[in-house]
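A, B, C, D, E and F label the chains in the order they appear, each numbered from 1.
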Amino acid sequence: MGDSKPERLIDENGRRIDGRRPDELRPIKIEVGVLDKSDGSAYVEFGGTRVFAAVFGPREAHPKHLALPDRAILNCRYHMTSFSVEERKPLGMTRREVELSKVIREALETVTFLEEFPRASIDVYIEVIQADGGTRTTGLTAASLALADAGIPMADLIAAVAVGKVDGQLVLDLCDVEDKYGEADMPVAMAPRFNSIVLLQLNGRLTPSEFKKGLALAQKGISEIYKLQQEALKKRFSTSKPLEV
Amino acid sequence: MGDSKPERLIDENGRRIDGRRPDELRPIKIEVGVLDKSDGSAYVEFGGTRVFAAVFGPREAHPKHLALPDRAILNCRYHMTSFSVEERKPLGMTRREVELSKVIREALETVTFLEEFPRASIDVYIEVIQADGGTRTTGLTAASLALADAGIPMADLIAAVAVGKVDGQLVLDLCDVEDKYGEADMPVAMAPRFNSIVLLQLNGRLTPSEFKKGLALAQKGISEIYKLQQEALKKRFSTSKPLEV
Amino acid sequence: MGDSKPERLIDENGRRIDGRRPDELRPIKIEVGVLDKSDGSAYVEFGGTRVFAAVFGPREAHPKHLALPDRAILNCRYHMTSFSVEERKPLGMTRREVELSKVIREALETVTFLEEFPRASIDVYIEVIQADGGTRTTGLTAASLALADAGIPMADLIAAVAVGKVDGQLVLDLCDVEDKYGEADMPVAMAPRFNSIVLLQLNGRLTPSEFKKGLALAQKGISEIYKLQQEALKKRFSTSKPLEV
Amino acid sequence: MFLTSKKDLTARIMRDKIYNLLLQDKRIDGRHPKSLRSITIQTDLIAKADGSALVTMGGTKILTGIKVEVGSPFSDRPDEGIFTVNAELLPLASTSFEPGPPDERGVELARVVDRSLREGKALDLKKLCLVEGEKVYVLFIDIYVLDYDGNYFDPALISALAALATLKIPKYEVVNGEVKKTGETFRLELTSLPFTVMMGILGEKFLVDPQIEEEKVLDVSLIIGTDEKGNIVSIQKNTSGPIPVNLLDTILDTAVEKTEEIRKKFLQEVPVKLAAEGEAAEK
Amino acid sequence: MFLTSKKDLTARIMRDKIYNLLLQDKRIDGRHPKSLRSITIQTDLIAKADGSALVTMGGTKILTGIKVEVGSPFSDRPDEGIFTVNAELLPLASTSFEPGPPDERGVELARVVDRSLREGKALDLKKLCLVEGEKVYVLFIDIYVLDYDGNYFDPALISALAALATLKIPKYEVVNGEVKKTGETFRLELTSLPFTVMMGILGEKFLVDPQIEEEKVLDVSLIIGTDEKGNIVSIQKNTSGPIPVNLLDTILDTAVEKTEEIRKKFLQEVPVKLAAEGEAAEK
Amino acid sequence: MFLTSKKDLTARIMRDKIYNLLLQDKRIDGRHPKSLRSITIQTDLIAKADGSALVTMGGTKILTGIKVEVGSPFSDRPDEGIFTVNAELLPLASTSFEPGPPDERGVELARVVDRSLREGKALDLKKLCLVEGEKVYVLFIDIYVLDYDGNYFDPALISALAALATLKIPKYEVVNGEVKKTGETFRLELTSLPFTVMMGILGEKFLVDPQIEEEKVLDVSLIIGTDEKGNIVSIQKNTSGPIPVNLLDTILDTAVEKTEEIRKKFLQEVPVKLAAEGEAAEK
């Protein structure tokens, strides 16, 4: 699986390797409140990418000398299981996981009213159980739902998706093979109510005009995801059936 | 040494590889108060297994945020020197040492009046200098003596020994070769006054009836060890000559 | 470079591999106040050995439980860049760096009025960017200047140099090849005003009489270095032009 | 503690409540003292793993995945494959778990599962040899606790066995001493099905499979593993506290009975391929 | 934060000052919002490194050295050499850096430089292969921040490229599958010159290459890398805070312009050997 | 400190007491300033080690064991075996030692013992080569401080040398470039017997082999190693404080004298096999 580059990533009908159109999201599944022992949680699937997120807090910051007098600390750990990827990931945090934990945390900080909880900490844990492209955007989408589920006040939800360039064409919501053999991968996360970007990275090569088109494509995907998030939250607060993965 | 499996572990006369009968302990040597700089210490040999234990405390828990308001913390580190075993043990704590530190600590906690020392810590260090089977039970036997030597109030001493199954037969106080090539190794530690088990593990395969017989065998060994412990403590408090290993 | 032992390290005219006489220092360059963001700093070159030192503090000790009620803590880290040596040095602190950090710190503690800053810490960072022999003595020479630049009160500056034995002859200020293929390397640091040795190590083999001659040779070098240090400090306090490495 | 004292007031009240229920053969979640929580098992849910299983036991949820690699055998067992077990108590599962390398509880969990598989002879490691002394299969069995509502031991072993039972091992051919993937996979036969059950003791009473509120007030607990023939294959006393010797007989009988119940459930849910009797008997 | 609020009073005052200057196209150090700080580049200053460069950008000072070793290629790229980027934020550079292994900022810096070099196609890794599938050059690009006065990203990439441009790679001959140093060295051709520029946003205004006082009060910042053809080759939003979508067009145009300015400066200062156009175009 | 000030009151009182005794050539444990504590040496007490020794020097107790393995030589010394020295200051030895990886004191101890053995030319490493450039003996010399009553340096080196002197090295035969254990062992000849003595300075006086109470109040201390010919083979100033230059001559003379005393004791107690003079002289 994924061992060698497919001859073409987009066929003569403009269909992608998994049959999608360029501007089409993968099937998305969202459930909120899936883990009992955390204060808030969510499970999100974007195709083969599967992620749990859980939130603990606000609670007293620990150790105490890390507490801030005027706001809560937001900690975030993005982590993958060893078997979520093609080659077994070593135990412990890789440099990639350290970096992604940072940019995800910064995105979450942007929309969270941390000033309401001086001296507290809010801890966000993201666990990728299967990685098929877009794990950071899926993780961030899940994390913002888990924060909402925990009742942490936020200015907006965060919806996130990657856009990319594959066989010269801009596509929405890259899967793993497209990420690996494509020309660019650009994860984008937004606070849609504010039309603000809260996470942005580019790994690859785009012309400025491709960048602009790619961003528009991401915005389209984000508005779809945002709707699904709101539906999932509504469902959460009307019922609470157990999760089936 | 120990490189290949002996043809038989019990001979036609029912004697074990080192000449013992199945229900016979190895020669045991116990000395209490052998290390000057600790608050209590003991040295115990079970045949080729040689262990030091030392206790520090009760003393102020450090760092302070670990202190408990209603009782002392009991810390325990079971550690082996690199040359105590056949293949050089890497420096640092192996997973085995981490696990054994935990079960030994839990055994010690069971009999120690930790409630008498709020906010304090009691630190128990066990150092295996030669391993020939039964290091955890020997270490625990030594640690409870070191606690007594340090004047820490306890409901009872702990006496411990492993039983096992070798060539289909239950035997007391396994040596290394018996452990390695035998069918089961079951370390047992008790607080004899209470007829209570404070450590119990099984690594191997026993029928329920073998388990019961094995436990009875362990109890027999434990009552012998308990006597030796009491004698060693008496000797400690009447004299204090230097140790010869 | 430095791959194999030169046939001789001192030629028929008594000249060393780099043309120096046995009692001659390498060209020394000293600049004080070279790094903007620290409270004090210095850059020192002894031939190919190039070292930055920076000082932070006195500042509140952190974490607080490390603070001492009657004096400042002096922390010191001696560190080399990965490319400063022949074979790439692994990232992180080697055992050699740990040891040298200790002896350098002890030398600095000897002359610093730590009692004037209870509960504070003073942090000294030494970074070797190129190593060509004598990195600890060059680092210490730089660190004492950085402390002076930071306005930390000291009983004296520390001047330091290594002496060694090469092809049977005592020489001053070893370079890398002399250190590697010579018979002895003896780093010496002094507080010249007190005629006191504040760092002393020997790695190699000297007769007692060679030791005494070597020490005298070191003292000669140290008095030259001490002058250069004082000049550099004067220059620092009259001007402040940017550094060119 | 001195033997069974638990001084904290809230814990005391909860302990009394649980103990008083036990005296009437009842529990806070309505179970009988000897009833297990309900178990669900899903396998093959992680496509990137060679085997995987998500197991819930009441509110405790555990995901295990297995990756297969090729490596060198241990020198004293040149004709046997290798497996290693790791366990991570993920911080999203409980406020009592911290991020970072496995603490002593994670290490203990991994080692108890490892011992139960090994001494319970679940696998025939000789079937995992490719070239004697040179190349063998290495199975990385990685256990993640996703939600912790008490007793992670039993579901962890169930998930490890379910992942093993459904494991698809890449086939290799040996060409001039080198190994090459053929692209096909094969299933591993299990030679035995050891399961554990966690036992909690409170006063002179005991219960099986404690949930978290019970775990917090038990005098002591232990995990007992048995195989399908009723052999005991692993024991781990895993908390401080005394086990009264006179309770052990009943506890052991119950362990054999309850692990058999787990085994039946497992065989219903998981398409396990068991080795023929004759083979399984050897070692 | 909730989007752009910064509650600390001192920070607020400094923010207002910097913002008010920005409204007049001014900055606290006298620069125009779109002016870079002055850049100096020294190469070949560490004789023990195979390549090295000390770069200052205003008060930020960065030393990069490269060591070349011979190692095995990655199995999926048997004909390509390898490079790795490490970055250490040395504690002597700033009170905000701690001794110890790289924290998340050091990791981020290394990864942003790595991505910019890799996606900017600065190197032709196939030129770093010695024996396909067996032996390739491995370049260790190690970045040390010596003095930190804001924006370590741009000078770090400049110093990495300057060290690469002046790198002297030991030549090896292949004798019976073994490699042996010949004692000679060769220079690496660069196939592209990607540079980054850090952009800071404050309200509806933005500035380039923030110094430290500016960094502390920005609403948000991002680093944009481009190559000589005006392609965007890397982006990293590196702080919390919102990027208004409508500012991005102008920011991108400015990034292309300012990286071109850095490129010119670089070409003046560093004796870079560029691959012929044709070659550089491939991948 | 500023040179020799020690401000703590209790330390001051103890210092004065020890200093006043020194002025009368006396010490708190009744020794003369130039008297060593009594030394005991037991060897061969760890059967699983290839060599071992337990050494006490007064109340300080140190256990050293050596394991021998076969490994690859360093590329610049293809015909020499390897030894490494590790030291652990076990927490059971002193309240001032913590569990965990060696701190700077443990590292220093290991490195001082290592340097004393290496520069003191205790071993002929060429005798530890099996196949040049391929296989050599690797000796792991691991030192554990069991009880710490001051000065762990001197007994650590004694125990390392006693373990080396009684080391039983497994013999290997070389068959087609592969090495195989023959089951026999051989003894290592020592080529020299370097010992150290720790010197403590207080005011203008000094003493040898300080015990713990003395260590705490000394102005400064240093460890001096010498070989049997009176060469100085290692020096380590190991605490903060000044060494007055004018004291060094007498200190050195005493060091030579006291290490010779240790050497005599060692030769009485340990069945050491010394290389013939001629051989020992080479390097």
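Here is the rule we go by: contacts are C-beta pairs under 8 Å (C-beta built on N, C-alpha and C of every residue); 3 or more make two chains touch, one makes a residue touch a chain.
This is a predicted model, so every value here is computed, not measured.
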- Query: Centre-to-centre on C-alpha atoms, which chain is most distant from subunit A?
  - Reply: F
- C-E or B-D: which has the larger count of contacting C-beta pairs? B-D
- Message: Taking the mean of the C-alpha atoms as each chain's centre, how many Å separate subunit D from subunit F?
- Response: 49
- Give, as an integer number of Å, the spacing between the C-alpha centres of subunit D and subunit A. 32
- Query: How far is the middle of subunit B from the middle of subunit C, if each middle is the mean of its Cα atoms, in Å?
  - Reply: 51
- Message: If I count partner chains per residue in subunit F, which residues reach a count of at least 2?
- Response: none
- Message: Can you pull out the residues of subunit A that are in contact with at least two other chains?
- Response: none
- Item | subunit C residues within the subunit E interface of the complex | 1, 35-38, 41, 48, 50, 52-54, 56, 59, 77, 79, 81-86, 88, 91-92, 123, 125, 127, 129-132, 244-245
- Note on the structure: As the complex stands, subunit D meets subunit B at residues 1-3, 5, 7-8, 104-105, 107-108, 110-111, 115, 119-121, 220, 222, 227, 230-246, 248-249, 252-253, 256
- Query: Within the complex, which stretch of subunit A touches subunit E?
  - Reply: 70-71, 95-96, 98-99, 101-103, 105-107, 109-115, 155, 184, 186, 190-191, 194-208, 211-212, 215, 219
- Complex contact set, residues of subunit F against subunit B: 42, 45-50, 52, 54, 59, 61, 63, 65-67, 69, 86, 88, 90-95, 99, 101, 140, 142, 144, 146-149
